[in-house]
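To keep things simple, chains are lettered A, B, C and D as they appear, and every chain counts its residues starting from 1.
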Amino acid sequence: MERLTRRPVSEGLETVLGEPIPVLDHGFVRVVDYMGDDAAIVQAARVSYGAGTRTVQDDRGLIRYLMRHRHTTPFEMCVLKLHVKLPIFVARQWIRHRTASVNEISARYSILDREFYLPSVGDLALQSTTNRQGRGQPLADDDAKRVLGLLRSDAEQAYDHYETLLNDDGTGAPRDADAPQLARELARMNLNLAWYTQWYWRIDLHNLFHFLSLRADKHAQLEIRRYADVIGSLVEQWVPHAWEAFVDYRMKGGALSQGEWKVLREALGGRPVADALAASGLSAREKREFLDKIRGDDA
Amino acid sequence: MERLTRRPVSEGLETVLGEPIPVLDHGFVRVVDYMGDDAAIVQAARVSYGAGTRTVQDDRGLIRYLMRHRHTTPFEMCVLKLHVKLPIFVARQWIRHRTASVNEISARYSILDREFYLPSVGDLALQSTTNRQGRGQPLADDDAKRVLGLLRSDAEQAYDHYETLLNDDGTGAPRDADAPQLARELARMNLNLAWYTQWYWRIDLHNLFHFLSLRADKHAQLEIRRYADVIGSLVEQWVPHAWEAFVDYRMKGGALSQGEWKVLREALGGRPVADALAASGLSAREKREFLDKIRGDDA
Amino acid sequence: MERLTRRPVSEGLETVLGEPIPVLDHGFVRVVDYMGDDAAIVQAARVSYGAGTRTVQDDRGLIRYLMRHRHTTPFEMCVLKLHVKLPIFVARQWIRHRTASVNEISARYSILDREFYLPSVGDLALQSTTNRQGRGQPLADDDAKRVLGLLRSDAEQAYDHYETLLNDDGTGAPRDADAPQLARELARMNLNLAWYTQWYWRIDLHNLFHFLSLRADKHAQLEIRRYADVIGSLVEQWVPHAWEAFVDYRMKGGALSQGEWKVLREALGGRPVADALAASGLSAREKREFLDKIRGDDA
Amino acid sequence: MERLTRRPVSEGLETVLGEPIPVLDHGFVRVVDYMGDDAAIVQAARVSYGAGTRTVQDDRGLIRYLMRHRHTTPFEMCVLKLHVKLPIFVARQWIRHRTASVNEISARYSILDREFYLPSVGDLALQSTTNRQGRGQPLADDDAKRVLGLLRSDAEQAYDHYETLLNDDGTGAPRDADAPQLARELARMNLNLAWYTQWYWRIDLHNLFHFLSLRADKHAQLEIRRYADVIGSLVEQWVPHAWEAFVDYRMKGGALSQGEWKVLREALGGRPVADALAASGLSAREKREFLDKIRGDDA
């Protein structure tokens, strides 16, 4: 149902409002509500500058300026509220972002459904040999099938036993009149970290950008990155100028240390990078990361 | 301009959206944007309970339950954004509430207007003799006039000198070509705490209730209370069930300590309050505050 | 090793510093560091009052005053840092407290040990019939043994398969040279919510009291309450005056709504409680909760 | 008085603990307490990596790694508590940092002293012609004297009238028995933004670094920068490795946007910077800022 409002309206978000966008095998992201738009960022920034803004900067330019100089408070004036369904191991990474509001389904009250995450064959991968917290090569197909079989059978068995422990026919009455009904808050212990949970999540745009800069990053675990990518595309529809600035300055930008700047300035002055680097005092690891950056491998 | 939206709409706030509501002599509160309504609180709470909510509680009852048992996160799902113009001494109390977003006009950039707060004659009062941080009796009319005269003349002189220091004709050019233009960030030091500033302020409903419980309280300074009262009336229009619960449980409710409960239970059992209190071990001050509470003097 | 300091020292916490205090079957709480003491609360409060504190209040009285009137910032001046080992389902409740700092072991990097929580026979209980999120009567011994057997065998099997998936002999080399080594971040999905994790947790005293008021409460799940009780006893040793005030005003105190105060005042004036309640307009549930309070059943 | 502790001890901070370090004409920074040291950062980080940290990285290298990759939570494990005396216009900038705890002297309770900030002659400067919020050239000596004379006489007069309004002889009795004693919370309005206030301020190291990155920056107002510089030197004594990393990566490091990286890579590949920049699509302002960066003018 549509109603009239005098508030800022985002055409982009209105079209998807309330519709679950699928993520992973059973998860979703659903826009529940939003506040503000690109113009609201500019409006809040202009309060700070007041009559002091002599020249009329266009909105895009001002938003880029704010992003570049980390004037973050105007971005807090936009707010997004999502309904998300996600595996518990993803939820455990997600919840580390503290400047957000959350209402999660409680398995102390409610009986969870038989819904757990099973990676697709293509997403199963070996432990990385270069990055202790990452994935390396994909598994061979046969190996992948064995792994999935094992994950599935353990999850199914865990749920069967969860149901045995609860002993609830769905109306609160026991399935087996001779067996006990274990407290829900205890029975849930038998479910594993692949289980789906869901929550309402409200966050302002500044903190959402921080979330996305970590969770849409290539170092983030693939599963949470899938959620971050969907949210990123929503943000792009909602506040296109802010999104563009965020991508340019944060997602695809990058920082250099004092020592790296010195090497860089020497190199721009004509000194071979290798020479400048050798004389720089940077550690082996810092040198390697610097070379990755100037090659664009870190983009 | 009105546009269509699928988001929750508050009829009450739509009618005042964008309109400055006067507070004090030059201040105002203006609703810029809002997110959510009473139903949004209920919706978030129901995610937590999930299928576990067997009986259909009506919204009002659930909101009262949440407020009574301090289940605060569903109230964070509603958000209000205000534009406020207020004296600096009020702003300094207000900003102590950290869980909000603020964009304030900067007197480093901008030249402030000749606008300072002068209390009305009726609001001028003696230092309280019983409460170190409060006001007592109103001033006699003659005294009030003398006080206002003094406050006004100092403020006018401060602004005259502020203009002398800035030496800016409004276009950036000097008024007096032979005098310097002192940096704005220095000149502003000459303005006093009665000066008006303004900001955009965004806060969620849970934290707004906390703000109101402190700032609409009788112990708050009269001037900030005037703002809190206006905001309270906006909240009442926006989320009437939540407001009613807040008033019942927080604003007009009150807490008792372990020792006070003991006295109370004895009194309900028939023991004279004075006897129960004498045997209670409460300090003189605690006894006095208890008697105020049961008389309703603290309501 | 002991060293000299000019900072406040808590004799109580120094004696337990660094020693794990057991909780549940494999968990612990260990004090890593602390800042401040009762005197630090008073010192911060006295900055606020400055020369305005005419009479010398003793520390205990001032701390009780601060607690009673919810002047919370002085309590933020004390800080506690703990190392905690806890089951994941407990960690998921704990992490909802956002105003704290956390560093948790990462199962993306590290291989977790074979350590999961198994309730003691006495802690296994039926789903409560009156409280949807609570435990009721303990299980019969035979039933308890069956439940534990099932929880244990599922957990053991999950860990066996976790090891199979990791295929790591502890040095990074495969146990089975023909099998793949699944990425750790994927393999961990097979572990359930009873698994132990650990973290460093830093929180200030005001927010710690909020944590304890929710997690040492009778409505909290038994397992997290065990942790809260241990932390409470540490706080008692650390800041005895603040602890006493917290217990009196928060843990064993209680709030009344506007309507409940009205009933109470009538009852103290001689009207039978039942009559006053009948005329009060409170809902059936509110009436029941009120009677519990005045009987002390809610203490 | 010194006492024994088993907590980490910072030799550097112990020597200055409790001693006011002068800032501006009447202000100071005084270390009241601290928690943790460089090793505490490492210790918390190692919990995250757990048994996964195969190689023993030395502490300095790990701290640099954490800073470089914005792994911020381990830095939250160190805490600093300061007592600061500062002009109100500085306090108003300072308080915008929300993730800290504050207890400020209240002029509702207390009578403030006759202490206001007067810049030194050398610190008085013209409004910048290139930066709307900055200072340009210093004032000529004669102009500076006139400005100071005006600031001083207005401040002295404001305080004289503040005393008249309070009409308090220091014991609470009136100086003039025939005049009223205006409430303190009203009289204070007559004091200006140069007045000194004081507070206790507690913050963790991560958030302190954020404060310093903004307030020790060349764009910060000179007066708050003086405080930030003193605090920076305290941090250097307290956590020397973390300080070094902060300076290298944050204070003297700098970020580049996607477009700037592109220009840079082309320049390193031999294309003249001017050509690469001309083809880049960056705005005039972005080009100017880029050239400043590679020249090191922004360091």
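Methods note: contacts are C-beta pairs under 8 Å (C-beta built on N, C-alpha and C of every residue); 3 or more make two chains touch, one makes a residue touch a chain.
Not measured: the values here are computed from a predicted model.
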**Message:** As a test of understanding: of all chains, whose mean C-alpha position lies farthest from that of chain C?
**Reply:** D
**Prompt:** Between C-D and B-C, which chain pair is linked by more C-beta pairs in contact?
**Reply:** C-D
**Request:** Go ahead and note the Å separation of the Cα centroids belonging to chain A and chain C.
**Result:** 28
**Message:** For chain B versus chain C, what separation do you get between their C-alpha means, in angstrom?
**Reply:** 32
**Complete:** In whole angstrom, the CA-centroid distance of chain C from chain D equals 35
**Fill in**
Going by residue number, chain A touches two or more other chains at 49, 52, 54, 102, 106, 109, 132-133
**Complete:** The chain A residues in contact with chain D across the complex are 49, 52, 54, 61, 64-65, 68, 132-133, 247-249, 251-261, 264-265, 267-268, 273, 283, 285-286, 289, 294-296, 299
**Request:** Flag every residue of chain C that touches chain A in the complex, lowest number first.
**Result:** 87-89, 92, 95-96, 98-99, 102, 106, 108-109, 117, 119, 124-128, 132-136, 139-140, 143, 147, 150-151, 154, 157-158, 161, 164-166, 168, 179-186, 188-194, 221
**Item:** Complex contacts: residues of chain C adjacent to chain D
**Value:** 1-9, 14, 17-18, 32-36, 40, 43-45, 47-54, 73-74, 76-77, 79, 81, 83, 101-106, 109-111, 172, 198-200, 202, 204
